[in-house]
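This report concerns only the one structure given below.
In this document, chain identifiers A, B and C correspond to the written order of the chains, with residue numbering beginning at 1 in each.
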């Protein structure tokens, strides 16, 4: 079976700085792939490139056999690739529940007219979204807060909300940029459990995270970046043992 | 249709002068945008202020051109200082919409306040130079136009020197190019922003004062011109100074030619259509979204 | 629960509004009420575009004025009737909104504001300078009362019912949009367009929708308004109107449907209370705008909302 997502020779510079330098990588279907690397090694830039938020200088991105290079971000999202952001993004003035419903909106049937006329189809989709939202809110421990504006959540709670939002539309591939940075350590365990559950149900993940334990526990494969290039690519055990990784990352970080 | 070549030269000269004065306005607008990320909707009223300051100073100084012009520039610079200290300095970096609403409110107050105080009647402004001019063959250009164009060129040369050679100007460009980095090397954004506003309004006052003996002076004159200046900074690329100047000179020429042969309505519509066209093809303007670039 | 209270209050307000001509015989007061209906529609449309979607659009002024000219020209020059005039106003302005909105909305918000303002100023210039069509500064006076199946909306009180009916229809549509999932999506795009894009929501499509709906409703309001004045001239494109709509939206609270409607109705009376020189009135309006933006950026409704959030946050600690 081919990879769900493939990057081929992706290159991206910011005014001279090579943030991503000729990176090729593949994300296996139904896997949990980790992506680690020191600060500034190009992880977030890679996510921006594969989700359409940055135009590539060179290279191709293929999602599920379809080339998506150069597509607009919303089109890539509709094709089933959903990403989160390192600096958390939520709709501050909307309620927690509305935040989640919005995330599922494009995947639901019905358009503007359905929403305006509040047709039966819209009602059914709305109820389904609310039900799934409540399920996810229970999993991340925010069920009590569904009616409050997202602005009043703590940073960690917002991160969890953003994670839940990414899971709402049941995408083909979920790309998470530092999902547990700033999250209460006792909650991190629960996030692991949520991701495992969804993985068991067939979901595919690509996760960027500085929390090495989190990555090593969860992932079946880990890619290591250094200075915009792939340093290595293997199982968590292999990565742990590799001296280059220790030098570039673990040695410096832990 | 036969076109008299002399008439064409005459139109070209007039257009050139007009374009240079437009450029003074557009450059100020672009500079404020580059440094503060604010669009000053009251910019046209500063032009009007400069023109009225000239109008009222001239009789005081015995119709002498230079002292009246200097006074007008100082008065508008002071106005710019007040604009910054009283209003703009209270805005945060992400208050773009608020900055517009505030400068719009001020623009309306200045426009209608002036209209109330001095009436809306257009005035013809006389200077020591009168309506004399130089004539080369059948081509004639008044001194006031010639001086206006020369002043604009001198202003651009000084602005260029200021932005590239002085610490004051370099700080301005640094902020426009990379705010975070500029802050890290210890540039004071507030001082730089104030300087940029004062400089821009002074340039605008200069344009107004130079226009006063060329055009009719009336409260609404700023509104007419600001509309063109907006189109120019968009076409030239927001925050791009050379782009704004190039677009302004081109517009002056273009208007003068069109105005010589077609109805006024086409002259007005042309700018707007050109702007929409440019935006469709190049959303960042013809010369790109460059920051305050001096060359 | 709150929803029903709102609908109940709205029904009472409509009832009271419908009874107005039985309470007062004063054409002057009823004339103000006509303006209140139409200004409120324009302010609520601007609220959809600016308050909900975050697009500070001065093109609303152009749509208001072009709508007025469309309706007047249809009757006075093109040989049509009032209703065809409104249809032309709606159709032409809808098309203009798409034609100007599509290139302008792809830009950053800075450039969008400038383009929308230039569009309004251009409309003003055309109204004054294209004399063959618009008859220039003198305008087109003596617009006749609209008729429907032989019934003429003559007299201020009768005309008031026409304006009120339109206001109800337009505000109803705006409320339906604002309270639906579309309204939520517009607010989401305003707050965080990048997040919306990452969720598959196309910002451009929704912005065009809001911009176009706002244009059509404002244009028809402008069309009715010039028949209330019985004249159209370039003053219909005066910045005075834009400023009035803006103040209503800002004082009422950008993004609050009822806040803006209430502010629209109350503040329509303001120019009538301030009956000194037109220039001084404008100066005062400018001062109100500046003060409101400096002191109360989210309006009365925003201030109330912030207090609620503060309470929730306190309760959560």
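What we mean here is this: a contact is a pair of C-beta atoms (placed from the backbone, for glycine too) under 8 Å apart; a residue touches a chain by one contact, two chains touch by 3 or more.
The shown structure was predicted, so the numbers you read here are calculated from the model rather than taken from an experiment.
Colleague: What's the overlap between the neighbours of chain A and those of chain B?
Modeller: Chains that touch both chain A and chain B, as defined above, are C.
Colleague: Which chain is in the middle, if each chain's centre is the mean of its C-alpha atoms?
Modeller: C
Colleague: Looking only at C-beta pairs in contact, point me to the busier pair out of A-C and B-C.
Modeller: Taking the two pairs in turn, the one with more contacts turns out to be B-C.
Colleague: Averaged over CA atoms, how far is the centre of chain A from the centre of chain B? Could you give it in whole Å?
Modeller: Whole-Å distance between the two chain centres: 48.
Colleague: Indicate the whole-number Å distance between the mean C-alpha point of chain A and the mean C-alpha point of chain C.
Modeller: Going by mean C-alpha positions, chain A sits 41 Å from chain C.
Colleague: Between chain B and chain C, what is the separation of their C-alpha centroids in Å?
Modeller: 32
Colleague: Which residues of chain B touch chain C in their complex?
Modeller: Interface residues on chain B, with respect to chain C: 33, 37, 39, 41, 87, 90, 96-98, 100-102, 104-109, 111-113, 115-116, 223, 227, 230-231, 233-234, 238, 263-265, 268-269, 272, 275-276, 279-280, 283.
Colleague: State the interface residues of chain C toward chain A in the complex, per the touch definition above.
Modeller: It is residues 176-177, 180-182, 184-185, 187-188, 191-192, 194-203, 209, 255, 309, 312-313, 316 of chain C that touch chain A.
Colleague: Once bound in the complex, which stretches of chain A touch chain C?
Modeller: Within the complex, chain A touches chain C at residues 51, 53, 72-75, 77-78, 82-85, 89-94, 98, 101-103, 105-107, 112, 115-116, 118, 122, 126, 145, 148-149, 151-152, 165, 169.
Colleague: Can you check the complex and tell me which residues of chain C touch chain B?
Modeller: Going through chain C, the ones touching chain B are 50, 54, 56, 100, 103-104, 106-107, 109-111, 113-115, 117-119, 121-122, 125-126, 129-130, 239, 243, 246, 250, 277-280, 282-283, 285-290, 293-294, 297.
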